[in-house]
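Notes for the one structure printed next.
Chain IDs A, B and C follow the sequence of writing; residue 1 opens each chain.
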Amino acid sequence: MDARTLDPPHQLDIAALAERREPGLSLEAPFYTSDEIYEADIAGIFSKHWIFVASEGEIPDAGDYVTINLGTYSVIVVRDDDEEVRALHNVCRHRGARILTDAQGSVGNLVCGYHHWAYATDGRLRHAPTHGKDFDMTCFGLKHVAVQVVSGLIFICLADEPPEDLARVADIVSPYIAPHELGKTKVAAQVDLVEEGNWKLVMENNRECYHCDGHPELACSLFPTFGYGSSDIPPHLQPAHDRYLLAQTELEARCDELGLPYVAVEDLTSRDSGFRIQREALDGAGESFSETGESVSNVLLGDFEHRRLGRLSLHLQPNAWFHFLSDHAVTFAVLPLSSGRTLVRTTWLVHEDAEEGVDYDPEALTKVWRETNAQDAAFVARAQLGATSPAYEPGPYMPSEYQVEAFCTWYIARMQEHLSS
Amino acid sequence: MDARTLDPPHQLDIAALAERREPGLSLEAPFYTSDEIYEADIAGIFSKHWIFVASEGEIPDAGDYVTINLGTYSVIVVRDDDEEVRALHNVCRHRGARILTDAQGSVGNLVCGYHHWAYATDGRLRHAPTHGKDFDMTCFGLKHVAVQVVSGLIFICLADEPPEDLARVADIVSPYIAPHELGKTKVAAQVDLVEEGNWKLVMENNRECYHCDGHPELACSLFPTFGYGSSDIPPHLQPAHDRYLLAQTELEARCDELGLPYVAVEDLTSRDSGFRIQREALDGAGESFSETGESVSNVLLGDFEHRRLGRLSLHLQPNAWFHFLSDHAVTFAVLPLSSGRTLVRTTWLVHEDAEEGVDYDPEALTKVWRETNAQDAAFVARAQLGATSPAYEPGPYMPSEYQVEAFCTWYIARMQEHLSS
Amino acid sequence: MDARTLDPPHQLDIAALAERREPGLSLEAPFYTSDEIYEADIAGIFSKHWIFVASEGEIPDAGDYVTINLGTYSVIVVRDDDEEVRALHNVCRHRGARILTDAQGSVGNLVCGYHHWAYATDGRLRHAPTHGKDFDMTCFGLKHVAVQVVSGLIFICLADEPPEDLARVADIVSPYIAPHELGKTKVAAQVDLVEEGNWKLVMENNRECYHCDGHPELACSLFPTFGYGSSDIPPHLQPAHDRYLLAQTELEARCDELGLPYVAVEDLTSRDSGFRIQREALDGAGESFSETGESVSNVLLGDFEHRRLGRLSLHLQPNAWFHFLSDHAVTFAVLPLSSGRTLVRTTWLVHEDAEEGVDYDPEALTKVWRETNAQDAAFVARAQLGATSPAYEPGPYMPSEYQVEAFCTWYIARMQEHLSS
């Protein structure tokens, strides 16, 4: 563990820091605290890779939009007049004003509020008042951002040449997700939580259940044994693990019957859109995230007729995770705000026919993950505070934290690619 | 438009950025967002040029003072015991404490609140308790700042050798302003508004009426056709333009009769104190800024007997604009706070004999510009947000925005002078 | 005074700034305003020298702890199971989370709230859930920080090889302090005040009474002639000085009788733990800090039987001062937060047998120093504001400010040592 005793490189040599990263240990402090590495993360990760930002259920109709901040970029994700999902830079081509200032809404044209330049929902400039005679409207359309929709999940990529890998991952994960028919869902609730920690600590925290004793609400329905092998289950979780094995056997039989894929597929490090997907049983009633494990929305997704379909969980590099259940789906997008602050946007999707107050109670629907997110925010803040101390040194990941290690491995490799490009 | 495709210079080479500026386009993003250029603006513009900071009506009597923050400078503008306007650095010569911490007030001596060193209003050190025997009082007077008063408007210059140009501009504009007799006015209201944008965006926003559809209150009395030529008036403003031509003809006849200059004089770019002055008709009743165009103060300025004198408007580089009417005057001082925040200080001056609640209602007097300033602040914030996006690129000024172009031209030339000195 | 006309060194050359410091003048502005020098202060002063952080009365029992922030370090000061005072880095050895997030408390083990790693109060790792087989518990104890207790005052040093000087200073000052028996005191009140100024301005302000006209409450019992020689007493303080001479004669006679040392010992600049200690008379009733000079706690410290023991005052470089009286003690720890913000922690200690509401009233006990601290905070803020102006230049210390000069001399010498190491 030589890295612990090395001095930080002079003038923050990110490449050297990445090069000397020791597998099995948490990253060196600057990866969590340095403004310079934050900028490199925005440039090398969030501007080069496919980033999950929203779901189709958030923009069901033509003209519906959400605005997404990635670093200092602002991007409009809008359903255009032909019902296609578009992503456009939220920067007027006149004098650069931000066009849309709301987080979401619905428009006919995209009209800049400053001097009323008006753009179509596909980005073409439609109207620029009192322009001169040599003015060429076709030169001043909004700049496009690459967009890709995977089974209703919307990804954007700020790079001119986006990685091709997401399409191949889509081929693998779509058979798992498609039956949940996200295109026929609507937003039941969305919560933006600002966590006081680097985005990588937010991701690392999500990738292990070693801390799940701190999630009493979640542990009612999600087996807190995630990440453990059968041989290293902590004694106090042995009963839960035993229940899990039984429930999982039952779930897999049901899935076989219904033709739902469930087998874990995991490729977290080698590909650009590193991922892990698996359908696993839930505890209690086994239906959904709740105190009893019972459903929290009465209208099932897709054409499901059975409630006990467990949780289809997808972990995706670099910034997202998802749970798809029989009665709702929850998406999590991690969006960095600064070296020490991160936005976690959680969205609960229910069937578009489910009626609030009748078929679902937003409080009950969101309770488990609101509580869990708040607990995680406290953990992340602790980790961030710790990393700011000069006494911090990288520490060892436990066996059940192998996905944290995988995230760091993915990250370091992509950062090295970026720095050498 | 090659600038759009160039990379930003390595290590922010401000001179290169200034050199490659393309006429007709807004500035590159760093001019609005970079802390380094903000510092250069303070050093090269706000510390070298004459800056409008206050009016004589704000400090009518000996001992009256205002304190002005320019960058990290703090300057006391005080009327001394001989009734002269002085400007002094607000820094005690003992251990450097800020002497006056209030924004305005009235004093006999300038006494530092820390150890009670006392200075006369002309800056001389009068008293330093229990100093040693070799202490020479004459060595520790407050440092002076250059000050110049133009028809009641107070300018300061932090440079050791201030530009000489302001005196020549004063010769041109004084015949226009003098009849309003600012020396016999008092402050009826003053509002400090912090706008979330770079000071140059605040100035640019002031220099065009292309956005005036966003100023419904202002458009009741100020013709929103400012900046347009007769050939490019937008159709929906044609009726206003027709009214303007009639009203202006009438105003000019009246001015000829009364001996009031009104012809536009414009020299925005070539001189240090670039300016534009013109007396123009107002809409509605034609008297003042109000919903009906009627007066908002009953005691007319100077020895005016006629209320329909339009607005005498002065635009001045780098940081001010003014409207002088028959019944009041409004001054606007733009004072940068950081790369992305700017103080706009608006001051309404009425005749010193006008009585609040009798001759004028502060609410009614200030309504148009309070509303207009708030709208402008929102526009400036949009422009600042837009410029922070890496997708921003300089965009084309429209013909009616020629004064924005002139401001940028003035700015770039002065910045280049500064960088080469 | 050539330094006044020199340009600031290019690229902030701290060594050059230190080298050209002129004795007798306040420091150049960057020492108060620069983030770079703040970092150097943390590295060269607060991470290399003995820093006063707490008193034994704050952690009377095994498991009692306080957490201390020094720069971005967080340190646990805890009484271990053997009743020894320990200092440990507050950074979990697993993934670096901050272990204790409260400012103070009492624990059995030090348990990280993230993944429940548990450490003994002496830092040894006791429990790490589900670790792998090769995991060596003995390699992951909390990192130790040097700690030294002087007559009940707790000092820590972050350096691997702490200066040896504090032990020698302890030999000198312990006979003065020991009779107050701080080990038998308890915390009656503690106030954290954030002052808007550099930590050196906070220290400088403490080291002179030239500003004491601004401390009316303090001047009731503390003679405001501190720092003056008999020849330079300001006329308005002559009566106070005359009372002081009488009271001091009486106090010294009493001390001789009781065997209490009182003679001033001062070595502020030459040693690492520069200090000044002296027992001096109080004004009024002469017993304590209060409006009348009468006691504010009925149970006297140690085995004192006499209330009129004046104030035993200790000034210590770089970050503390203390007053020990017959009825209570007050400690002041200065902890930098940023270049322009500083925490001043004031702690009032009374005899452990004194009963709140019976023997002392916390309001009355703390009044003089709460008021005085608030006044000092305003002075420090003024000085900080002044130093941010480019017009600031170092100014002359008066004769009664010789301890301010001594503090600057100590500081510059230590900073030079640090920079050359």
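Quick note on the criterion: a residue touches a chain if its C-beta (ideal position, glycine included) is under 8 Å from a C-beta of that chain, and two chains touch if they have at least 3 such contacts.
Quantities reported herein were computed from a predicted structural model and do not represent experimental measurements.
Asker: What angle, rounded to the nearest 5°, describes the rotation that places the Cα atoms of chain A on chain C?
Answerer: To map chain A onto chain C, rotate by about 120 degrees.
Asker: For the homomeric pair chain B and chain C, should the interface be classed as same or different, according to whether the shared residue numbers exceed half of all numbers used?
Answerer: Interface between chain B and chain C is built from largely different residues.
Asker: Just give me the whole-number Å value for how far the CA centre of chain B lies from that of chain C.
Answerer: Averaging C-alpha atoms per chain gives centres 48 Å apart.
Asker: For chain B, jot down the residues that touch at least 2 other chains.
Answerer: Residues: none.
Asker: Mind listing the chain B positions that touch chain C in their complex?
Answerer: Residues of chain B touching chain C: 47, 71-74, 89-99, 101, 112-116, 128-132, 135, 140, 143.
Asker: Which positions of chain B touch chain A when the two form their complex?
Answerer: Touching chain A from chain B are residues 26, 29, 204, 210-211, 213-214, 228, 232, 234, 378-379, 382-383, 385-400.
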